[in-house]
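Take a look at these structures.
Next, two complexes with chain A in common: one pairs it with chain B, the other with chain C.
Now for the complex of A and B:
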């Protein structure tokens, strides 16, 4: 319903930003404030800060990231996700400078009671479902971190996301950190209004052109944008 | 200069605090009506209208904010805070608003299709237009007379004014042009977009209206 957005993701771990490749390798990028400042300077449309939660240890660590978020000074819209699964977790996010909340396990586990409570507190416009996916002979499957395994992407799950989320982020886990590798063919026929779809994982200039052509809402460039943040304006 | 920000324990008020800090404007988070000290009160909102209005009533702000406006003091409503200034919103099955702005809020729609409005749109604002509707800022933080830039929207409901007002800007995209993006009249300012998250343009707007 609005112009195509070019967003960026930042992975936050132990209060610092990291670059990630292929879902499991990390390389330090520096402080959150520095990374956000660089992106803001080039008018990035939104920044999604994600705490990667792939183990129970990661879940315990996300709360050390909240201090970095609390101290963040920015006038760019911020989304936050990773490890937020209970009302107690939500309470910890009060007064943080974030506009969007991104949930993965909550949606994949179809926890409607929890989502309804989050909508009461933040409004549906603030909710993004994030679906980390991979493709294989069986079709598309999504990573359910609460059980540390991939599950098939079903029509029921898509309908659930469509009902409760303002937007849906498709996160290509097989191509994260690489250029122009996002698997558009995997999702281009999904039965969701394209204006609700954001893509991330392997985004490059060609992926952005494809996403615009398909009338998607946005592309979230992987955190490696920090090596060429000046390209945002040209890609717009 | 100091501004009071209504704090109902929900929504994102930290971003507004940070944005005003950049302008050297101090802020107080106000949890009870008797704590209101400043001439300008900001009613911000990220949340759903029903629970937000319940909290506002429970904290005795409903009459306090009406009295604040009736006394000629300034109120600035942002996003849900703007919508709540209307007579009513259809969110959460219908919620009565503060009745400060003669309008109602509807689920964004065009030709019976429901929409969300997420993203950046142009803003072209002339300070002379604010002065023409007697919207006076206290401090004149900026001598800037015109703002041209882009602002960030994230909403599913929009304000429809019951009658045309001297100063209101509708949204710039044709499918949403019945909804109000910006409203000013005397001491009431309503903003549907998020100036606190609109980078340079948002900062310039705060400097112009405070």
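Now for the complex of A and C:
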């Protein structure tokens, strides 16, 4: 297993990058290529480009992002996800400069047939499961975008992700966009090999230190990756 | 010009803003972020700023100057210098000569460094290279300030790194103040990405000179931002005071006359403080901004005043409509650039056909036609006597 990675995420909507705060407010960010160029210069390990699908309109808009991806020029490994749920969607991703595929509702809905087909085409090493979660009195729940609601995070779901995904991204929806707010305690005792876990949503320097200590695979810095000049080097 | 997109219900912006704008329930991200100004504890924020400054002073070791302040000589620069000195810092004031200053601009710059008794460094770029880059950015991007902005945002960081100065202190972060691209609490700093995405409109130097520019890349060092690793090793960073102080430009700027700042009467806006002393900012640059973005600078300023509660939206719309008709005299700029009559005519036909009706001369709207909430902050303003003064020491080429 390779060493700890510092990755970044970029949210893509209508071909442009956006920032998301607390799962309910968007701010603009700018051009995808410019952001990727500078992240490359900042020595980021991987970039996850996510098309947030939180409404049916978002799902319809996903295709307008494919042109931005198709024109992307970068040497940094790219992961892509958001709204990819059918073989037709998968076929649209052919010849795009992406190394990993990220799925959320496919895993939460436990669509094993579709996952098997994706693994057949891309290999299991390319698959990441994204679990956007929140904590509450009932424990941890995950956002199922296909039905626009949160569902309890069950052992069955975790086992499914563990079996079919190479890595699992825990996405803290309550703290996304804020600094050093990722709720590590929520996932500390999850029965998954820590080296398969990536964390994102409210990542800061302290979050990265915690993730390293817990031997997670990576931390994905969300909005604030471009807020300061040397976030990445300073936090390594 | 582009069709109007979705408009904010509170201000004059729509989603065509070049920095990007999001709308939530018809209210733009700029207005939503502006509302933070009414909820943040600014005493705490200022205390955080002072801690940051003290921390950097401690780390600046033997450097005599502990910060660089990039200036042009307008009212915001006066405010930044006054605050930085109030905090006990030792600034080096750095100015890139854009060669566009008029007599008011040069007065304001020299008065700034004299009144505050600060050390200064003025960089005069090779004017032949500079003009060639302006011709290229005009041809490619309909933009005449790209070369100056490239220098203005990069050169201070080069100075900071070379002289081991830990901080470059900027005034307002336009992306926060205009479109709420970040929260005040994000403490966003100047960076290579920030500069490229916003100040340079996404156009790198390599893209600019790619084809047709008759310049030697060896002469363009200071147009490039230093490499991130070099900045990281030098531990220099650029901060924005507007993240830490409750930023109200019109009010702040109006106070600067007590330091000898002269407000500049211009024909395209009510604001005599912002970019005062420029021969182009409210002239050809404003016309080109209109052709690129669909609106003129006065919209930014009116939106600002709506958010600060000094104007209602309908009042701002009326004022914008008035200034939208003010004509622009483009001849002095093309004479300065050395463009022939036929070249100017070609440019107007090819690049300014949508705004051709605004080329000419205009009268200034008298201040008593503005609401009192605004006019009371507009001090006595002066018209320039001489434009395009290359070096404000009485030297001319």
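As a working rule, the second predicted complex is superposed on the first by the 235 of 236 C-alpha atoms of A that agree within 3 Å, B and C clash if a C-alpha of one lies under 4 Å from a C-alpha of the other, contacts with A are read in each partner's own complex, and residues count from 1 in each chain.
As a convention for this text, a contact is a pair of C-beta atoms (placed from the backbone, for glycine too) under 8 Å apart; a residue touches a chain by one contact, two chains touch by 3 or more.
Just so it is clear, the model here is predicted, and its values are computed rather than measured.
In the superposed model, A:67 lies in contact with neither chain B nor chain C.
When the two complexes are overlaid on their common chain A, residue A:98 makes contact with chain B while staying clear of chain C.
Looking at the shared chain after the overlay, A:31 reaches chain C, while chain B stays out of its contact range.
When the shared chain is aligned, chain C comes close enough to touch A:234, but chain B does not. When the two structures are aligned on the shared chain, A:76 is found in touch with chain B, with no touch to chain C. By the document's definition of touching, of the two partners only chain B reaches A:122; chain C does not. Shared-chain residue A:196: touches chain B; no touch with chain C.
With the contact threshold set out at the top, not one residue of chain A is in contact with chain B in one structure and with chain C in the other. Note for the complex: chain C touches chain A at residues 19-22, 24, 29, 32-33, 179-183, 186-194, 196-198, 202, 227-229, 231-232, 237-238. Those residues of chain A whose C-beta lies close enough to touch chain C in the complex are 16, 18-19, 21, 25-31, 34-35, 38, 41-42, 179, 223-224, 226-230, 233-234. Residue ranges on chain A touching chain B, taken from their complex, read 1-3, 5, 40, 43, 45, 70, 73-78, 94-100, 119-126, 166-167, 195-196, 217-218. Against chain A, in their complex, chain B makes its touches with residues 9-15, 18-19, 21-22, 46-48, 50-51, 80, 108, 115-121, 152-156, 173, 175-176, 194, 196-200, 202-203.
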